[in-house]
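Each chain gets a letter, A, B, C, D, E, F, G and H, in the order it is written, and its residues are counted from 1.
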Amino acid sequence: MKEQEILSLLEQVKAGNASVAEAFAQLKDLSYAELGYAKIDYHRQLRNGYPEVIYCQGKAPEHVRGIVKSMLEHNIGIILATRVSPEVAAVIQSLAADAEYYPIPGICIIRRQEMKKQAGVVAVCTGGTADIKVAEEAALTCELYGNPVERVYDVGVAGLHRLLDKLDIIRRANVIIAVAGMEGALASVIGGLSDKPVIAVPTSIGYGANFGGVSALLSMLNSCASGISVVNIDNGFGAGYLASMINKMNVPE
Amino acid sequence: MKEQEILSLLEQVKAGNASVAEAFAQLKDLSYAELGYAKIDYHRQLRNGYPEVIYCQGKAPEHVRGIVKSMLEHNIGIILATRVSPEVAAVIQSLAADAEYYPIPGICIIRRQEMKKQAGVVAVCTGGTADIKVAEEAALTCELYGNPVERVYDVGVAGLHRLLDKLDIIRRANVIIAVAGMEGALASVIGGLSDKPVIAVPTSIGYGANFGGVSALLSMLNSCASGISVVNIDNGFGAGYLASMINKMNVPE
Amino acid sequence: MKEQEILSLLEQVKAGNASVAEAFAQLKDLSYAELGYAKIDYHRQLRNGYPEVIYCQGKAPEHVRGIVKSMLEHNIGIILATRVSPEVAAVIQSLAADAEYYPIPGICIIRRQEMKKQAGVVAVCTGGTADIKVAEEAALTCELYGNPVERVYDVGVAGLHRLLDKLDIIRRANVIIAVAGMEGALASVIGGLSDKPVIAVPTSIGYGANFGGVSALLSMLNSCASGISVVNIDNGFGAGYLASMINKMNVPE
Amino acid sequence: MKEQEILSLLEQVKAGNASVAEAFAQLKDLSYAELGYAKIDYHRQLRNGYPEVIYCQGKAPEHVRGIVKSMLEHNIGIILATRVSPEVAAVIQSLAADAEYYPIPGICIIRRQEMKKQAGVVAVCTGGTADIKVAEEAALTCELYGNPVERVYDVGVAGLHRLLDKLDIIRRANVIIAVAGMEGALASVIGGLSDKPVIAVPTSIGYGANFGGVSALLSMLNSCASGISVVNIDNGFGAGYLASMINKMNVPE
Amino acid sequence: MKEQEILSLLEQVKAGNASVAEAFAQLKDLSYAELGYAKIDYHRQLRNGYPEVIYCQGKAPEHVRGIVKSMLEHNIGIILATRVSPEVAAVIQSLAADAEYYPIPGICIIRRQEMKKQAGVVAVCTGGTADIKVAEEAALTCELYGNPVERVYDVGVAGLHRLLDKLDIIRRANVIIAVAGMEGALASVIGGLSDKPVIAVPTSIGYGANFGGVSALLSMLNSCASGISVVNIDNGFGAGYLASMINKMNVPE
Amino acid sequence: MKEQEILSLLEQVKAGNASVAEAFAQLKDLSYAELGYAKIDYHRQLRNGYPEVIYCQGKAPEHVRGIVKSMLEHNIGIILATRVSPEVAAVIQSLAADAEYYPIPGICIIRRQEMKKQAGVVAVCTGGTADIKVAEEAALTCELYGNPVERVYDVGVAGLHRLLDKLDIIRRANVIIAVAGMEGALASVIGGLSDKPVIAVPTSIGYGANFGGVSALLSMLNSCASGISVVNIDNGFGAGYLASMINKMNVPE
Amino acid sequence: MKEQEILSLLEQVKAGNASVAEAFAQLKDLSYAELGYAKIDYHRQLRNGYPEVIYCQGKAPEHVRGIVKSMLEHNIGIILATRVSPEVAAVIQSLAADAEYYPIPGICIIRRQEMKKQAGVVAVCTGGTADIKVAEEAALTCELYGNPVERVYDVGVAGLHRLLDKLDIIRRANVIIAVAGMEGALASVIGGLSDKPVIAVPTSIGYGANFGGVSALLSMLNSCASGISVVNIDNGFGAGYLASMINKMNVPE
Amino acid sequence: MKEQEILSLLEQVKAGNASVAEAFAQLKDLSYAELGYAKIDYHRQLRNGYPEVIYCQGKAPEHVRGIVKSMLEHNIGIILATRVSPEVAAVIQSLAADAEYYPIPGICIIRRQEMKKQAGVVAVCTGGTADIKVAEEAALTCELYGNPVERVYDVGVAGLHRLLDKLDIIRRANVIIAVAGMEGALASVIGGLSDKPVIAVPTSIGYGANFGGVSALLSMLNSCASGISVVNIDNGFGAGYLASMINKMNVPE
């Protein structure tokens, strides 16, 4: 339920065109819809400016189905599902034929409305090819929320000239997402070369003593460069969401 | 060396008012001053918009003295030293009588120039009273860089009404810094109540299985709320610096 | 063997209606039945007031079969099997057609007797939908042992209004079980809002730096709220059992 | 401010014996007193039934002084300060000459009112002599809140006969607190011998691979006995508080 | 090659019944047989009194085949293979039809010679039914090396009477192997009740915060009882081998 | 109270030379002496063959005083105190002038009776000079309990010839204690060269990634040699006690 | 593009035999080829003397295909792919029929040019048979880069005579690679016996408390022998590459 | 005892100028000198080409005195003591007035003989000023063993231009030692820019989630650049020793 709809409903009550009982029925799940196994937060769009996102990992397919169905019934304009397996993607597509599925990052999007376009660019960089899976989760999230994205992939610090070669793209960006596994040094190097916020995303890419992403995580937390903050291992969505929040600040409203 | 000084010097060379040799002597440590034990990055002010910061922990007092001395000779307008013990503070104050020392966060500031004032507010919140030490490092950094700060201290989630009571202050802020030790839940709760970026600072406050801040760090990294990113344990400066970066974006330039 | 049966047997011996040899045969495994691979503790019902529970994970199906068979022969009124795979459920149902199987929490119950109903209510809360698997293990255990249960699911702290909306249900409860993965902040928030014991159950739900539930575990152990204690990760049964113990205390006997 | 005082104040307003302005002045910090560095939660006594507790570790002595002073001005009947160093104890005693200081557990108590006495007994058991420091924090908390306490110290499982010898005391208790370091097996053994809730407190006592209490913590979390829950390492206060909560449930109100 | 064979060969050389060249050929791999991918240590039987053992986990089946084949050609009297999958067992049985396979502990034995019988008994105890897999690896190793074994299974400390009931068996033993997962308290309790060496074997049985056996391992290392030492997690063979070594010491030779 | 004394007392009662009341008074603390803060286990000498040992770390000096005083009053022939600081040593020596104090391992011994001498030798080996502190705790314990000890110090594997040079001493021993920090490889190398039980003691000696002894502990637990078991980090006493137990087995009784 | 080709191209431009536009086209991806998902570093051969290596783990098969295709088009003389599954090997072989696949170490090599042969030998040693998988990754890398290799497999310290027997081979080598899992003591023992650099490779071989190679890693990092350095767990390629670098230094150029 | 002395002694025996008994007396501690608490390895100079080094941390001052005294008596030409406190330095200087003490790295050197000068240079780089303590341990070790050293300090990746500015120095070196704490990215960046072996030394410099150097250690182990190996945290000596070994290889002998 969007802000305009609520205001309009209240006007109708005031004008006597809607009974209190009718208004109550429409408003009662303003805050959230109770599905028993889930409480879908329709108030969030109002409160935070973004629609609810469905994190599918660990949820039973029938629960995902129920949540998507409820969202569609509430006319949610943009639905973003993350960590979507092909099986769950099929469930979602059976409800909405227009749902797009991106298998590499495991993302499913139903887009029946557009977010406002932002002027500033978000640069999404990766250390290697294998980090692209996480980077695409971030990049698609940014794009969905109206942010132009520059992808700068495979610029790990072992071949510094590849990174320096793309430096102007990175410096033109308003927010930078640095996605890297292994030793995660990419974030520090970019942080030292730029004066914009860097959101570091450690990935679980690597082997041996990378401990599922801990090596990159610690590296990023201990960065000697300033202006860097870190999200959870492999949390591409979180980085994309935060980048959108920050990027939105850069234009007068 | 500030941007204007460089341009002016080049104009003088062009006009024949300065010899190439003279200009070279002044420009040669534009990039950094080599002290042997340290390379002070005077280029950073140009590159990143902020002066060099001195992280004093682990540095010998004579090294700190040498670095401050060099900065003063280069007419750096604002010098920020962090993790300053009373002994090191005395060293700094012997070089600059106007150096202010804040013993709780261990910060020393020489302020001979003002940063541009920002319009947006940064809210600095803590879970408890013992987290103030870290929070003040963040708050003073923000203020030094021109950001108005609202302090909202001791609003840990165990007494939720204290936090809810301050909600309007938090919601009016442009960026929020959430400082908490123990279980670090403050970041998640604030993240769920606000639509602005939340920079979470885990602190080492606690005992037993907090493992020097790991409990709060993991809690913040795994937050179920969106829009949260994390800096290193007790890294108040890092949070303040990043908040300044983001806050600066919110005004048309 | 229940208390009444033992007393009755002893009366029979006293009255000469049962020989010492007969009584001995019945009493000899009063303490436990020796199956070689397992020693079933029939004394526990007397000692602790609850029947033996079968933790099936890691046990060979034929061992589970043998244990259930022995229990049925001893006329155990309530048998609770946890961590039951569909294969093991089939084994149990082949022995007792009335065995109910709950696939989500992996629980199997043979209920031929009712536990005394308790007056107080146990509230079982979860942070998210994916935590329900563990929560149902707790809730079914509570119900089996005679406790009315209120399920309050998907009330994670990122959408605090969902939790506050259910606050009266939570406050009416006598004991609260808080089940959460990720950052596990639910326990602290509930602990701060209620004056009843909170049993916190960390779950392994999450990804990245949640380390199989460690993030929630540490968060709960370090809670800044009082009145909270913690059981093992994913240990829904343990929480349900303890809640039953505490809830039973609340009525005069 | 206690419940009765609030009701009485409201009656006065109703009867015209107190002006609205006067009542407001008294009620305005009902919820908490704002000290800037701390927000003292006077509402908690109403909400949770217990007065605020001051956790002194990490707090500056002047902050503790300010908090105690505010509490005394609000006529708080019982003030409990934990983790009190001798220096901080002197500060408290300078404000309240009747403050009792217990140096082994580091506890300071100002008792100007008595809590209602409970009928049930709390048994506080330790594995060894060195655990007494933590156990006394638990025991004194229980006693302060009106619970009779039985101390059963140095009954570690390496000399099982010492524990079995005290079994009747343990079994008569309503709630059991098991305090142990090293391998922490005490909780499991007591849990297997009793049908009452066991609150396990791991201590940091030990050496080598005990890792500051982690060995006991993991041992207690993984207990094969039922009815056990765990609080943070060395958290005697938390165990005592929770035991009080549970013990209060055992009597008809 | 056994001690007697070497002496006999040397006597033959001395007597002129064997040429030096012939003797050399037989003696040259006395120390070990070089297979390229493995060096089989035939000297160990002489040096340590026991035949080589094949730890199969991580070895390619063809490597196991080659090693067993070489051993059979060298007339090794007892071959013990551990961590044997059914596939590898089939490989071994194709070389030696008399190879016995025990699927639960994953052990395969070719026994063409008997070890000397020991007088003392080794007691192998487990905390639960699921620990039997590891315990049988220990028990079969002991028996293979000539030690009588008493199995005392499922005597975990949560039901202490089951353990006390078997106390006389445990006390009659010369060496005790205590196998337990979860909190591993069994070792401490047995250690406190016996005056014989206790070899503690932590198992990976459990869930949640048992961390693959770390909880039991730490518990056993930190035991407050004396006379306990620990082998690696799930290392039943190591415990059985060491118990054999110790048990052999108890009889005059 | 020693076995002979008990038998003699019972004979007196039987013969009418002691009243039941008198005998009871003497027997009543047969099991342990209750000091409130400690329960001294005088039964252990009977049960395990060894006197009680006082682990002083973490105990208040007055508690140690009380325990030693009680032991002296019960005529305990051998008292061993470990982890004794110079201050605590002075307390003990004020009670027993004949108490010997060994400052390097921090051991204090009151020896008024001799243990039976064993025939077999215990070899105590260290990797380096800094491990001697722990090794002496083991060696003195062995000697106190009647075992001849061979000290083989500073034979770390980096200079293998030093170890091989002492091989005959090591091989003549009945039990071997291998004490090493850093990488702890000593235990594996000795284990491969000997056919006697090796008790490995990891020490906290080292720096960097030794993590207080964890590197040596893991190394020893994962030893590829057989016949090795491990005690806690720095637990010299535990190793000495266990070696005594095993060494005692080697002679016909 | 090799050094000679660049020089020759520049000569052609100078001589007027190539236009600037033609030269530019050839030079423009001198630095790297941009594939979008990867940036292949053709400059590295010039910069570091070795061709690019393809680490296949975590890369999509189509990405590997694209990278190999680009390399073949650039006439790279030696292509080394590591962590190659059979599926990916088939992809590579479909592009280059002469690609050799080594399934045990998972390596694929396309060799259309030979590296210069080195005089010095690299010895590759393993503790056990199961470490061969990693050792072969190192050995094949060394051989590919022109180094003669001596394989000394299965010489773990538990059977020290096997290692001592091969000592002359090890001592003749110029660089030694020590590959070991479990307790990883091999590196220390070899380090103590040799005066050449030892590159230690911990492997994940082992079980229980080896924690995926951490036990060997810590052991090697804490080695008491000098001249040892460590690469990541299972990183055979890294060790081989570094050994090649060092070995190349040993001959006058 | 140096090689030449041994040969000369043997010649004397052969020529009848020294008796066998005399020669034996001189040769008997060729291998090592037995001090009881230490075995000084005089054979190492022969075997490895370098004199014994004294690692002083954890050794009693009288043990250090004894070791130095023995070395001086054996005419060892170069003695290097590391981790030397001022107190221990005074002990050494009382034995050898020419001992030089370097307090920052805590090194003490007695230099009565020069090592052969090497042609190649070792570059020692640090990320920051606080890493110099460890770097000097490495640099002084290199110089002592005859290697020219270039110090390149404070070139952390946050100010990449400082590092790039020194690139020619780094590239001219034969071996590079990269010393860094915090996120340790320096090693990766240098590794990518150079084709010489890089020895990475993680330092414990940093705070919060650096965990005493673990962050830098993991970062360096997981480096995406090739040609890097790692020594223990803060192990400057180990890096210097290994660099010397490698650097010595670069000249024809």
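Side notes on the structure shown:
Methods note: contacts are C-beta pairs under 8 Å (C-beta built on N, C-alpha and C of every residue); 3 or more make two chains touch, one makes a residue touch a chain.
Just so you know, these numbers come straight off a predicted model, no measurement behind them.
Note on connectivity: the fewest chain-to-chain touch steps from subunit C to subunit F number 2. Shared contact partners of subunit E and subunit H are F, G. Different-residue interface: subunit C and subunit E share under half of the residue numbers found at their contact. The chain pair with more C-beta contacts between its two chains, of A-H and B-D, is A-H.
Subunit F and subunit G have CA centres that are 51 Å apart. One finds 44 Å separating the Cα centroids of subunit A and subunit D.
Averaging Cα coordinates per chain places subunit C and subunit D 28 Å apart. For subunit E, the set of residues that touch two or more other chains comprises 159, 193, 208-210, 214, 217, 221-222, 226, 232-233. Of all possible chain pairings, those that touch are A-B, A-C, A-G, A-H, B-C, B-D, B-H, C-D, C-E, D-E, D-F, E-F, E-G, F-G, F-H, G-H. Subunit C contributes residues 47-50, 53, 174, 193-197, 199, 217, 221-222, 226-233, 237-239, 241-242, 245-246, 249-252 to its touches with subunit D in the complex. Note for the complex: subunit A touches subunit G at residues 104, 129-130, 132, 153-155, 159, 161-162, 165, 205, 207-210.
Remark: subunit C residues 127-128, 156-160, 182-185, 188-189, 191-193, 206, 208-211, 214-216, 218-226 touch subunit B in the complex.
Residues 31-32, 36-39, 41, 43-44, 57-60, 63, 83, 202, 204, 212-214, 217, 232-235 of subunit C are the ones that touch subunit E when the two sit in their complex.
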